[in-house]
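What follows is a group of structures, each given as structure tokens.
You will see subunit A twice below: alongside subunit B first, and alongside subunit C after that.
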Partner chain A sequence: MSPINAASNWLKERLEWDDLVAPLRKKAVPLHRLSYWYFLGGITLFLFGVQVLTGILLLLYYRPGANEAFESIQHIMTQVQYGWLIRSIHSWSANLMIFTAFAHMFSVLFLKAYRKPRELTWLTGVVLLFLLLGFGFSGYLLPWNTLAFFATKVGTEITGQIPFIGGPALIFLRGGEEVTGATLTRFFGFHVAVLPGITTLLILAHLLLVQRLGMSVPPKVEAEWTANPFARREMKFFPNFALRELMAWYVALGALGALAAISPWNLGVKADPFSPAPAGIKPEWYFLFMFQTLKLIPAKVWLVDGEVLGVLVFGMAGVLWLLLPFFESTKASVTKSWITGLATFALVYITGMSVYGYLAK
Partner chain B sequence: MATLQNSSRSFGAATRSATLASFLLSVFLGISYGQTRNSCLDCHSALPEPLGVSQDKFAQDIHAQKGLTCASCHGGDPGSDDPDKAMSRTAGWKGKIERKQIPQLCGSCHSDPAYIRQFNPGLRTDQLDQYHTSVHGKRLAAGDTKVAVCIDCHSVHDLRAPSDPRSSVNPVNIATTCSRCHSDAVYMKQYAIPTDQFAKYSQSVHHDAIAVRGDLSAPTCTTCHGNHGAAPPGVDKVQNVCSTCHVFQDQMYEQSSHRKAFQAAGLPGCVVCHSNHGISHPTDAKLSTGSGATCIQCHQPGDACDQARAELLGGLNRLDTAIKRADDVIAVAESSGMEVSEARMGQSQARDALTKARVTVHSFRQDLMNQDIQAGMKIATQDLELGQRAMAERNRRRMGLGMSLLAIGMVLVSLRAYIKKIES
Partner chain C sequence: MNPNETVGVSAKARKVVMATIDEVAAKTAGNQSPPVSRRGFVSLLLGGSFVASAVAFLYPVLRYLNPPKMADMGSDSVLAGKVGELKLNSGKIFRFGSRPGLLVRTAEGDYRAMSATCTHLSCTVQYRDDLREVWCACHNGKYNLEGRNISGPPPRPLEAFDVQVRGDEIFVRRRREA
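And then the complex of A and B:
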């Protein structure tokens, strides 16, 4: 008996390993013309893993603090062996992860995978997307460069516009009236402790729900299969689907490596709180649609402050988006068109406003 | 008890009445306070030029804003609505002030420190004394009323503080104000002086600094000629004028052989090479023998001075080329995403050394300038090495990427083959 088999048997005897992996062996993935959308969630999970790994490596050298943060990243980029690669992969992976999470969410919407009994899967997924945006917002400040400093200033100012809780929320986020070193250490805490803890728990819940409920079959495909039961096909999750997912992960890894080597993430110029904000400052691309919308809203809409109104509308939209599956009627035909219409509108709006915000001066 | 209450009520009513009366009085006094009656404008605001002065125009005048009226300069009784009484000689009315009297009239307040201190303690009070020493003042005293008096530069009836960008004596507007007379060939004909100063100044580096870049410390006419005591600085004093700003160039020039030679020949120092009103942005071409060359206007090709010129130019060109070469490599490395902030900082120091060398040129001493050139060359060479190292690192990364992608590709092909195998 080989040492590997011996170790495997040793573990089997103690952990009853077979019982644990049995559901994975039984699990099957529906096989149809839209099956490739199933890979998006897995790719997002892979990128999250990359973030955790590279994040831990960056932690070995990163020093949070207004006087040290920028210099420590400069040190990582220039002096630490492969530091540039780790930092660039961390930054690129963060952006790709948010992109794939958005793509995953819209694929779920368009393929109707949020419907009963998967409302909780949707709920945990949307909260996870919000958490990823939180990761992006808090992580953006950590290099303590000019763009990060002023983007955080603008971002937290927008939070301050929320009626009643805005003021205290702004103080809580900034650790005072202004964006200072206190804000940096606090964002660092959110980024490496609070958010990862909550996110890991929610990812486990999300995966458990996916495992428990299985993969959703798009209604059109389901109808075709009901009409013709012989057309129903599926693939074993392990190893067939898992190997394909592994291929997707390798492609993602290659893309990350290429981006990091050809276009290493720029460090910028160290933040100077006393200098004026650079002209045309913009947030990261995933906040651009909200930023541009707030810019376009007039200063006063009737008697309400335009920015306050914008923040309230986005807040309401976020809550409604989260609860979207619960608005769907049991009569599929009634809601079929408006939820697809809403998803199309949201996709066009987010893309259009992001492009407009990118091009606007 | 009832009596006490009634007394209390009537005391309260009396107090309220007294408060109301004092409020109305204070409002009335408040409106009246600070407003001196000025009946002159009642008529003169309706009259055409040159007698007309509109309410709006006079309201812009700093004197009006400080509470002065027409009578402060013209005399008379501005409190009377009757023109005969308001403009009576017995009330001190002076009528139109003669041009030759204007400096004295303005000086009656502006030369009085105790009076001026009430309005602006920081304002100088020697303008009239200075004016008497100026070419304008001397000519006026000699009976020439065409020369500039206070109102020609400062305006009248809408006179603004020099700090006001709309003021004709704001630094940005001074050259235009001077040019109103000094660029008018017909008006200046009898003085037999050039009238192209403003045209030349408009093309100069100094005009570019003040008018285009908004640098209010850049020189305009009054910076070199003085304002109230305006006069040409004089051939042998030009160096003193330029050195008020160009301190280091002056220190170097003091050590040069040119200083004594120019002085002996009666040449106007800095102006010999740089000109005066039309001074252009100096470039290294001044030391060349091509377009824009200055040295060869006096020196013979091939003589000892010409050789020294060539060595000075060679030093500057060497450092300039080294900086540009390093810049090019660093720019490519930076556009490839490499971290080159250290090299960038070094380049800024190398540029400082080049600027210093260009200042040292004014000593016309190779040994002094070489110190700056050597210092700059050392830094530029280090920066070039940093840039080249960054490029080598970039190439290593790309090689590593190629190998990684090859490995990933091989894994993908193997996985695909394995999937095919288990599914066949």
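And then the complex of A and C:
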């Protein structure tokens, strides 16, 4: 018996490995013309893994604190061997991850995968997306450059507009009245400890649900298959689908390496709390649609402050989004078209406003 | 030299390799498939490319883990203190590049300087005016004022530096190798 076989048998006898992997062996992925969309969640997961690894690497040299943060990243970018590459991959991967998470969400919406019994999968997924935005917002401040400083000032100020809880929330986020080194320390803690912990737990729950419930078949395809049972196709998850997913990850890794090498992330200018905001201050692209909307709302709408109204509307939209599956019919054959309409509207609105925000002066 | 013996490969290893090849050849002679199947060849190419690219991704990470060398500040000579700063029979720690140095003014009034990093386990040593010796608090190592290890666990003397008094400034320099 070869040593590998011996080791695997040793583990098998102790872990009852076969029982553990049995569901994975049984799992199958439906095969149809829309199967490609099944890859997006996995790619997002992979990019999260890249974030964890490169994040740990950055922690080896990064020093939080208003006097040290910028300099330590400068050190990483210029002195540490391949430091520029690690940091650029972290930034690029963060942005791609948010993009693939959005794409994954919309694919789930349009393929109607959120319906019964997958409401909880949707719920954990949307919360995960919010957490990713939290990662983006907190991580953006860590280099302590001018853009990050003012983006954080504006972002936390918007939080302060929420009625009743806004004031305390602002103090909590900033660690005081103003954006200072105390804010940086907090955001660092959120970014490397609080958010990763919660996110990891939720990812496990999300994956467990996907595993338990299997892949959803879009209603149109399901109808076709019911009409013609011979058209039903599926692929074994392991190893067939898993290997394809691995290939997608490999391509994603290559794309990350190429993006980081061709266009390394820049560092900007160190934040100076006592200098005026530079022209053209904009948040990261994934916040642009909200930013642009808030810019368009007039200062006063009836008796309500425009900002307050905007924040309230976005807040309520967020809650509605979270609860979307519960408005859907529980019958497998019936789908509500207004939800697809809403999803289309959201996609067009987010894309349109982002482009508008990007082009607007 | 035996012409069959290739540099770096012993005759014994050669024998083993040839025997293995012969064995494979003998096994495959019976059936029609070539010694390396098409599948095996493709697997080798794929696996090889995969390993190569994994190495390409791991290499920067390994290099990244190795911290860059901090430039030793300035030249070999540093300003360790001012005349009058030290009483008779006392010592002070000064920065020598990125490491601490120890400047001692003996009871007789001359200056001595040495590395302040204990040669045992790298604690920072201090001057003990009661012992008139250099003492390491971590494991009770003792050095004399030349930096020689005289008691306790230190295995080697402390590196002694040259002291120069220019005006009222005391400069310390690394000793040049003779």
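We take it that the second predicted complex is superposed on the first by the 355 of 361 C-alpha atoms of A that agree within 3 Å, B and C clash if a C-alpha of one lies under 4 Å from a C-alpha of the other, contacts with A are read in each partner's own complex, and residues count from 1 in each chain.
Simple rule for what comes next: contacts are C-beta pairs under 8 Å (C-beta built on N, C-alpha and C of every residue); 3 or more make two chains touch, one makes a residue touch a chain.
Here the structure is a predicted model, which means the values were calculated and not measured.
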item	value
Which of subunit B and subunit C A:Gly257 touches, first, second, both or neither	both
Residue contacts with subunit A in the superposition, subunit B compared against subunit C	B
First, second, both or neither for A:Leu57, with subunit B first and subunit C second	second
First, second, both or neither for A:Gly83, with subunit B first and subunit C second	second
First, second, both or neither for A:Gly139, with subunit B first and subunit C second	neither
Residues of subunit A that lie at the interface with subunit B and also at the interface with subunit C	85, 250, 253-254, 257
In the complex, subunit C residues that touch subunit A	53, 57, 60-61, 63-68
Contact set on subunit B toward subunit A in their complex	336-339, 341-342, 397-398, 400-401, 404-405, 408-409, 411-412, 415-416, 418-419, 422-423
Touching residues (chain side subunit A, partner subunit C) in the complex	57, 60-61, 79-83, 85-86, 250, 253-254, 257
Touch list for subunit A against partner subunit B, complex	74, 77-78, 84-85, 88, 239-240, 243-244, 246-247, 250-251, 253-254, 257-258, 261-267
